[in-house]
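To keep things simple, chains are lettered A, B, C and D as they appear, and every chain counts its residues starting from 1.
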Amino acid sequence: MIRVHSVHNLHIVHRKNKPMYEELKSRVCAVNIALKEQGLVFQTWGNASAVDREQSVVAIKPSGVDYAEMKPEHIPVVDLQGNKVEGELKPSVDLASHLALYNAFADIGGVIHTHSHYATCFAQARREIPCFGTTHADYFYGSVPLAPPPSPGQVKDGYEWNTGVLIVETFMNRDPLSCPAVLVAGHGPFVWGQTIEKALENACVLEELAKMAATTLEINPKSMPLEDYLLNKHFLRKHGENAYYGQK
Amino acid sequence: MIRVHSVHNLHIVHRKNKPMYEELKSRVCAVNIALKEQGLVFQTWGNASAVDREQSVVAIKPSGVDYAEMKPEHIPVVDLQGNKVEGELKPSVDLASHLALYNAFADIGGVIHTHSHYATCFAQARREIPCFGTTHADYFYGSVPLAPPPSPGQVKDGYEWNTGVLIVETFMNRDPLSCPAVLVAGHGPFVWGQTIEKALENACVLEELAKMAATTLEINPKSMPLEDYLLNKHFLRKHGENAYYGQK
Amino acid sequence: MIRVHSVHNLHIVHRKNKPMYEELKSRVCAVNIALKEQGLVFQTWGNASAVDREQSVVAIKPSGVDYAEMKPEHIPVVDLQGNKVEGELKPSVDLASHLALYNAFADIGGVIHTHSHYATCFAQARREIPCFGTTHADYFYGSVPLAPPPSPGQVKDGYEWNTGVLIVETFMNRDPLSCPAVLVAGHGPFVWGQTIEKALENACVLEELAKMAATTLEINPKSMPLEDYLLNKHFLRKHGENAYYGQK
Amino acid sequence: MIRVHSVHNLHIVHRKNKPMYEELKSRVCAVNIALKEQGLVFQTWGNASAVDREQSVVAIKPSGVDYAEMKPEHIPVVDLQGNKVEGELKPSVDLASHLALYNAFADIGGVIHTHSHYATCFAQARREIPCFGTTHADYFYGSVPLAPPPSPGQVKDGYEWNTGVLIVETFMNRDPLSCPAVLVAGHGPFVWGQTIEKALENACVLEELAKMAATTLEINPKSMPLEDYLLNKHFLRKHGENAYYGQK
């Protein structure tokens, strides 16, 4: 069985003092730095993680560390239950939310949480982001939903894990890859993708769409969502079986 | 007949392995890159094309290609019916919309489609851009109109071509050069000009005017369009027979 | 009489082929370029001029010339009736508006007209800019007024001069130096100062104050102007006889 | 007693002609320059100060001096009653407001006053900044309050000192370090912190939160503040006795 074999390898490598997760940690470090460069995080308000499904580990931004100083060796690695596997620094306080998503959404490879301006403002206004146009429909198959805030009980015990659970419940009847983002009420966006790099692209696009939705509502507070047949056309032109966008 | 002659020339040149459309492709490449630099496109959300009326060919941005890597040799060339004449990459999915405009508007030399922020938000809000001031009147002779969204039938079969046809119908009683832009409802702006470079200037100005109109409505939601006699004065001061603006 | 003497000097200098107005043209050129750098003009939508009261001449931006290429020798010089005194290029089409202001406001040394975003949007929304806070009160003694649009008759004959006259009438009962700016309805701001450099500072401040007023109205559409006693305190703390701001 | 000892040292140092407050003045100079670089001040609209509690002196930005030219030797030093201790330039006109805060709030080490855009617009709109989300709750324990404008009598005599007194009264029942900022109605924000560097961070965060609150209200004018139990959770997760954010 491949998994056992790879765990076996891991041990060998460890004995040789050469860390196993270099590529994973490099990618997580690069995307966390990119979050800052893309203007999606202010101060240290954001974190990105990636999962290695083969080895059942997650690498994530350390808590409260400055992006300017972050290096791959600072990135902690944990298993899917959150136990530390490698690294000296504490993982982001939001780790448990990431883990809840990795455990529930089998096809995602990366998760990003930011407080990017417009997406966070929709979360604070407790509004989902409607699909107002084809720009949105090219990436998200319908409105970006709003997960409810955790209850007092959910805050008291296991707050960050419960935040993840509320997101998962919001996607009960929806494919998480056809709408790779959610707004947590009063908090901000969580975004994902098949890879952490794709999650980064989705986080950038989400912020742009949120900004467009805010301006659209400003111009016409009674703006209506795009017609369903146009939503279908645009989403499927890029993502359906008969997609004909790009050089594929 | 000139057209036959030029097709003849094309064949000769092809045999010599020296491409015919170098200048056209260079200009199209340069303007597509400028769209990105001017902040009019995010990701790959935009495309520019130019027509060579002599040779009846259109050069256009390839589909889904990154602006940073785009070179003139990547630019596909098609005839006015959309048949590939030169180039290896697939043209933009919006090619047919461009072709509909070139076929209907005899005096235009370039077409640009973007999802630039403010113009797209007016399209999403399903509002034309009113002429609120002399800045607008210096470039567009009245409001920038809103073309209706394509119907389900128009989406199902020949969606992109039909989008172009709807634009053309919107200009049934209006000179496309005195108002070189349109908003397609729920989608975004299409802009044109006598050359692709002029279309680029118009796309930049349109975005600025859309931003001004949005702020104007924010300050006073009941703002009224500019008086007709002021619209006439400003548009004709720059574009009329007795224009006296600039160094002409 | 000094004026005669200086005209006499002018002739001597001219015969020696050394232009008289080098410093004036340099300053006008520098401020026009600064308008662009400060983000107050888009395209060629703006112009600055300065008057030399000794010699009764005005230097102004040439019409429709790109800021990137502008040099002092391009700056036309006219007398206070608008007759060309020096220079090959046509003055800005807005010259007559500037002249109306120089003729009526004896203490101003420079005039600037821009289509800067927020100030122009107030002009388009046909709203004066209220004094909402001490930031405004530090520079403008009360709201920035709105001049009415010219009538059809005023547009037909001498449009630009009449625009200036309407501004002057708006200041009938107000000191133009205690409120060195006006909004022309449906058009944009005109700003002035004791020197062209001071007019530039006022144009920058006006735009910032207009932006603040727009956001203030967004947060609370019923925002009220600053109390008179606070307006007096702040304006006079910087500009009154007993001013105690700065290192004076 | 330590204080006496240090005053003694001061005298010795003075006799040697080596100024005592070099480090304090350097830090005040650096933070004032940072205010400009961070986009929190326009023109000279802002000032930062720091207190040395040991020596009972305050160093503050000089009045109306350009940030680009400011050097540590320009920074005036005064005692807690405002008497000049060192430096040739006049202190900021707002000095008395700073002193009122240092005298009343024993734990603060730095004070910053800016006219940063969004925070000032809330002050002009005479609205406190509600805590709309967890981003706010991570830094400010509840809404950022609005101090009333000074009365005509308070303006006439000791305006700047009275402004400080009104701020202190606003915090009568509130810990100034759990909410290190206030808006003065019709004026702008005052921000503080345990050090001047922490005050700078708070000033940056305040502006970001004010911007988020403005957009939140734009998206949903009826947005409600964050639930108390979520406010508690987030503020205490970072600042409480059992804080578990960061690498502590």
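As a convention for this text, contacts are C-beta pairs under 8 Å (C-beta built on N, C-alpha and C of every residue); 3 or more make two chains touch, one makes a residue touch a chain.
Every value quoted in this text rests on a predicted model; they were computed, and no experiment measured them.
The most distant chain from subunit C, with centres taken as the mean of CA atoms, is A.
In summary, the pair subunit A and subunit B forms a contact in which the copies contribute largely different residue numbers, shared numbers making up under half of all those used. Rounded to a multiple of 5, the Cα-based rotation taking subunit A onto subunit D is 90 degrees.
In terms of their C-alpha centroids, the spacing between subunit C and subunit D amounts to 36 Å.
Annotation: 51 Å between the Cα-based centres of subunit B and subunit D. Shared interface positions of subunit D, i.e. residues touching 2 or more other chains, are given as 217-218.
The part of subunit C that touches subunit D in the complex is made up of residues 132-135, 138, 201, 204-205, 208, 211-213, 215-220, 223-224, 226-227, 229-230, 233, 237, 244-247. Those residues of subunit A that touch subunit D in the complex are listed here as 42-43, 45, 62-65, 89-90, 93, 115, 117-118, 120-127, 149-150, 152, 155, 159, 186-188, 214, 217-218.
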